[in-house]
Amino acid sequence: MSAEPSSVPPASSPSAPRYGVWLVGARGSVATTAVVGCAAVAAGLHPPTGMVTETPDFATSGLPPLASLVFGGHDTVDCPLPKRAEHLAEGGVLPHGLPAAVHAELVAADREIRPGGPTLRDADAVPARTDDDWIDVFAADIRDFADRNGLAGVVVVNVASTEPAPAAGALPPSSLYAAAALRAGCGYVNFTPSTGLHHPALAELAASAGVPYAGRDGKTGQTLLRSVLGPMFQQRALAVRAWSGTNLLGGGDGAALADPAAAAAKNAGKERVLADTLGTAPEGEVHIDDVPALGDWKTAWDHIAFDGFLGSRMILQTIWQGCDSALAAPLVLDLARLLLRAGQQGITGPLGELGFYFKDPVGDGPASLGEQYTELKRFAARLSDTARPSHDAGDSGAQR
Amino acid sequence: MSAEPSSVPPASSPSAPRYGVWLVGARGSVATTAVVGCAAVAAGLHPPTGMVTETPDFATSGLPPLASLVFGGHDTVDCPLPKRAEHLAEGGVLPHGLPAAVHAELVAADREIRPGGPTLRDADAVPARTDDDWIDVFAADIRDFADRNGLAGVVVVNVASTEPAPAAGALPPSSLYAAAALRAGCGYVNFTPSTGLHHPALAELAASAGVPYAGRDGKTGQTLLRSVLGPMFQQRALAVRAWSGTNLLGGGDGAALADPAAAAAKNAGKERVLADTLGTAPEGEVHIDDVPALGDWKTAWDHIAFDGFLGSRMILQTIWQGCDSALAAPLVLDLARLLLRAGQQGITGPLGELGFYFKDPVGDGPASLGEQYTELKRFAARLSDTARPSHDAGDSGAQR
Amino acid sequence: MSAEPSSVPPASSPSAPRYGVWLVGARGSVATTAVVGCAAVAAGLHPPTGMVTETPDFATSGLPPLASLVFGGHDTVDCPLPKRAEHLAEGGVLPHGLPAAVHAELVAADREIRPGGPTLRDADAVPARTDDDWIDVFAADIRDFADRNGLAGVVVVNVASTEPAPAAGALPPSSLYAAAALRAGCGYVNFTPSTGLHHPALAELAASAGVPYAGRDGKTGQTLLRSVLGPMFQQRALAVRAWSGTNLLGGGDGAALADPAAAAAKNAGKERVLADTLGTAPEGEVHIDDVPALGDWKTAWDHIAFDGFLGSRMILQTIWQGCDSALAAPLVLDLARLLLRAGQQGITGPLGELGFYFKDPVGDGPASLGEQYTELKRFAARLSDTARPSHDAGDSGAQR
Amino acid sequence: MSAEPSSVPPASSPSAPRYGVWLVGARGSVATTAVVGCAAVAAGLHPPTGMVTETPDFATSGLPPLASLVFGGHDTVDCPLPKRAEHLAEGGVLPHGLPAAVHAELVAADREIRPGGPTLRDADAVPARTDDDWIDVFAADIRDFADRNGLAGVVVVNVASTEPAPAAGALPPSSLYAAAALRAGCGYVNFTPSTGLHHPALAELAASAGVPYAGRDGKTGQTLLRSVLGPMFQQRALAVRAWSGTNLLGGGDGAALADPAAAAAKNAGKERVLADTLGTAPEGEVHIDDVPALGDWKTAWDHIAFDGFLGSRMILQTIWQGCDSALAAPLVLDLARLLLRAGQQGITGPLGELGFYFKDPVGDGPASLGEQYTELKRFAARLSDTARPSHDAGDSGAQR
């Protein structure tokens, strides 16, 4: 499936190492698009548009080739992946014909998906599973995946539905999965606004785990824009008075965010970007409306009222019409490769250098996209550091 | 020029040095707004919104205080500056009451405006003035201004109407003014897309003049946006397929740009920004429509068609509604101060570090606003360099 | 104050009849703009832009001239009208200089404003006023106004802050005022979404009162647009799937509508227009955000997803940027004149023919603006009916 | 042509009359979409969204059923219709799978397409064909079509590329086709802005031909909107100061309109709608940009600057994103059916009642869409007139 012409054994040859990408929410739009897209790009069917790790700055970073990635994951629904991909093609998210072209890869990934939880049914089970039971089960699933496939490393990526903010104390599902990733010795990426590793009960574990992790909440549309427009106003000393926004979206994400508690989690990240780039939080609200008629397509409207010289009142409006899954999936692939390689290189702990990808990044990096991009390129160089010996892949997670 | 009632010697006291800002197009909207705004901010009537040189990064750059600036210039019309300011207040460009509050400063600047040219009437004069005659007259006007006011330095800023691209060989008016600035030993800023110093006949003169210069064409609205959005698409590896734009504006600039030849000059700069930030020029045209009903307010609509992962088609649209003069005037003040200080510090030649301000900057700097901002801050630090002795102001132009 | 050249006694001569406009919410933006605008147009200072009753179709309807209108009203705040008008000029709602030019008329109206209620303070009064007490006091204020000014008729127009939907049973303030209008024998217009006459307890009274009335909620921006766009989709057999909207506004109305209960009242009317013109209610929500930075200016964004032939997905977006008070005030003047004339002509009961003006009109008229306009012109003709004797003005309300 | 499996005689059974639709530009996007859509709706594969003649008001008009329509036409290119349809499906104009589902109907229509002209090659032919020769050839093609298929009537619809405005005197191709329609005794619809029957040399012929005709230029997007927004401003007495617009489109129509002469023809119709509905032509230009990246999808942005009460400046912007062919095709089917039925009923001459469909309608009807819709419904009733004897279909063109 490799598109790289090569006389040495190709990445997908039996002898070349293979790496695992464990998707929490593996039957969702983002996950399915990532699986389809990885296969399509690896096979040379499509250019790697939207994948930053395929640009020249990453050529010598030693990232695992796309063709070396093996997918699995957890989900609470059981729609087969090939069928899910067909739905996405009907909705215009995937090109017609592509699900058929990568059918084998979809079937392979589908076989590696295990039941997630806790679901409503689980709540009635007797005896009830404890949090620790759940973490054990999830971690075992991940380790089995690594063993069965002889993987040189595994990264866990959360792309499950956005959770409501959890009740104080309780570990929400996203945190159970995050803990399972650590228990299995895997790097972890939280692509959603859910709690994940950001839970007080996991702080100590995260600090001592010896794996790299990154998050929170992929920055793909309105917030991506805000991370370049905010700095523009600040650099030009223009006074932003009010920044208002409305997002219309359908699909699974739209339905999940129709829950005000889930939407609140999402909005916190959006507002953080503004406050961080402008130095102060302007007036204005953000709405997220579930509009099933739009399917997986999103429209985001932003209205920015700002003052110029001598108090003149000006307005910028932006309208972003994009397909969220198509924006998110290449970033998921980027992040998986970066974390896998970081793990190999012995880089552990929070990866603040990946702020480029997130609304609410771990660490203390800059908030403007331009500076985040500079940091990302620096990280790319660090990954390829030839001075220090690369760790044996066997050390980097999901291994005995 | 200070409006602060004070018994101690004000910033503009006889003993403090004063600096000249010579505006070509001195009765235009941008020029008038700059004169009014400088007085208003110096007097504490308005905050310096939109003036980058008033942000903390410039605090130790040794820039001339706003209250030390003295205005004069050339224009081919003779509407008195106080009346021009009243018109701008009626059009909502200046706050009501402000022209009256800074009436003294407007009258003072008005007294320092000399007839520009060549006008149609000049074409019939016998004997006809040669280019060299014109340059001499303009240079003498500038030197007189410096002498009469005992100025420690003068910078010439072109804010006259955009010219059509000149016939091969001929020196257009903007180039006559630029040559006069050099002849008078003054720094020069071309805030318009007109030729100015970019004329082959002036290349040698510019190289040997020993003054700093900067340009071309202030970046205030649609192009400002493009200089942050272009890099965003490039950094995210998204493929821009078409970038189309329409600008609606009235006022003097709208009328001038209704001439297709003038609009062509303007558009070249806009397109350069896209090609430089995207690495390739996408499909799409730019229109500039004269809509007198909008007065000095501009609406700029941009429509960007781009491809995401797996060929998905997405669209970003932006609508910018701003007052061009209010966006341009603080930048004119910034540039005047930066060039005056550069002259003092003995910095000469093209100032590529000021690409932040221009659509089509001199030199080879970066095209993304974020990187240009970094360069600007580096330049601010260089201006304050305490290591090297500051030159005597008397050296820095328009002086005997 | 009349601008009509005339040899017969001008409308405002002592002998010509004068008519009263009693504004509930008399110190608000809409009310103040109506008072200023009536004076300005009557004096020939401004053309009657936005006043439908000044178009030729109404020339022979016998409407009271603008110069014959006398203003008064209730309000719960006491900012003097001239000062309120100055604030509106500072906010760009009224032209600078206009409040000064019509100062006399503002002072005159200010003198006729009486304390409204019930306010929080009233709640503590001992003994507490009953609903009937309130109605009596309000009705007496209106009758005094008519007597003192020798008015030939009075119309009451509700332009007070939008109320939250009232508790079951209780008469909200808007209903107390509406009942007072009936008790005083005056026509009544509800320009707001508040309850007014739409209260079960007032149904019988309204039916027997023998006065004309109209409402609810002036149609000035987003809903005006919807009333022409909805019919377009329906006439073209295009299937609207989702109609979403966001309104950003500041000013007093913005603050009042920040209360979700008040916003809910407002939105009901907006949605009725869609359901009535499309034949079915599409998906989609409407948001009203209070954005103080916008002052009395409103931005309304609408996003309409519709299907064309063979299921093709299309989108229309509209962005309306208007000054609500400037849109509402001429309609308030129109309605006052139409109701005064209707009263004179003995036309009583709900005026369904005025659906052109309202989001949620009384009666069963058409929902498309075009058909409503046709009805309005028919009503204009009916008012001028010369066949039937005009009633003596003395009959038409606010009289002993 | 019916896809309904049925044992009873289908609508297109040998005994039921069949009607011809002769498309000039038969291999274009609009034509192909009309052929595909007619088959799809007739077969019950899609609802008749966008077809006004399928709404209840037309139920008793006696229109020919969709299943009774037979397609043929002229074109100058020879891309087979099934292939053209596949291209449209790839571009998202037609649903995937639909071209295959109606393959038989596409093949049938393809067989009835004859070479159009004059092409560049024809210009070199010796001896050169005269205008009259061309008309004869075209008319013969149409008559053959009618005979071969035993049609009860034929209508000619021009959906060929927009022509540049013709040189004085010369008959442009669209007029040759129009004359051929008359010569063949067929009704004629000009769905484009090309000259067609609007040529002085054809005036007499048109007057005496005894067939119905309609045109010019289908009203599908920006102009459709203008025909409801213009009346809104006029009815509300709001003063439109400037109406500016930009259209971005790709596809064949985009390429044709990249020719300024063709665009000028198109824009004339757009401006007529504004002048007719507003009573005066506002400031502002219209641009049509060819943006191949958009394919058959169009974005139209309109910016309307208007004055409200007391000179307040307001703005409405609209953004229309539609698929032109999907908007046009159902109207082409509507018009074909209406003209066929009109011919049957002996209605001849210019059909001003069809202004609803056109930018620049024949006759003197109203310009607002609402009133045009009322006229259309009246015409629908007239068609079903049972009082007067229906003409024998054999009289109504393309016979003998």
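Residue numbering begins at 1 within each chain, and the chains themselves are lettered A, B, C and D in the order written.
Quick note on the criterion: contacts are C-beta pairs under 8 Å (C-beta built on N, C-alpha and C of every residue); 3 or more make two chains touch, one makes a residue touch a chain.
Which protein is which chain? UniProt says A, B, C, D = Myo-inositol-1-phosphate synthase.
As the structure is a prediction and not an experimental result, all values here were calculated from the model.
Taken together, subunit C and subunit D share the touching chains A, B.
Among the remaining chains, A is positioned farthest from subunit C, on the basis of C-alpha centroids. Counting C-beta pairs in contact across B-C and across B-D gives the higher total for B-D. Chain geometry summary: the mean Cα position of subunit B and that of subunit C are 49 Å apart. Averaging C-alpha coordinates per chain places the centre of subunit B 52 Å away from that of subunit D. Residues of subunit A in contact with two or more other chains: 92, 315, 317, 319, 321. Residues 241-242, 244, 246, 248, 283-285, 287, 289, 291-294, 299, 301, 303, 305, 315, 317, 319, 321 of subunit C touch subunit A in their complex.
By the touch criterion stated above, subunit A contacts subunit B in their complex at residues 33, 36-37, 40, 46-52, 54-55, 92-95, 98, 224-225, 228-229, 231-232, 235-239, 307-312, 314-323, 326-327, 329-330, 356, 368-371, 373. Here subunit D touches subunit A in the complex through residues 92, 96, 319, going by the rule given at the top.
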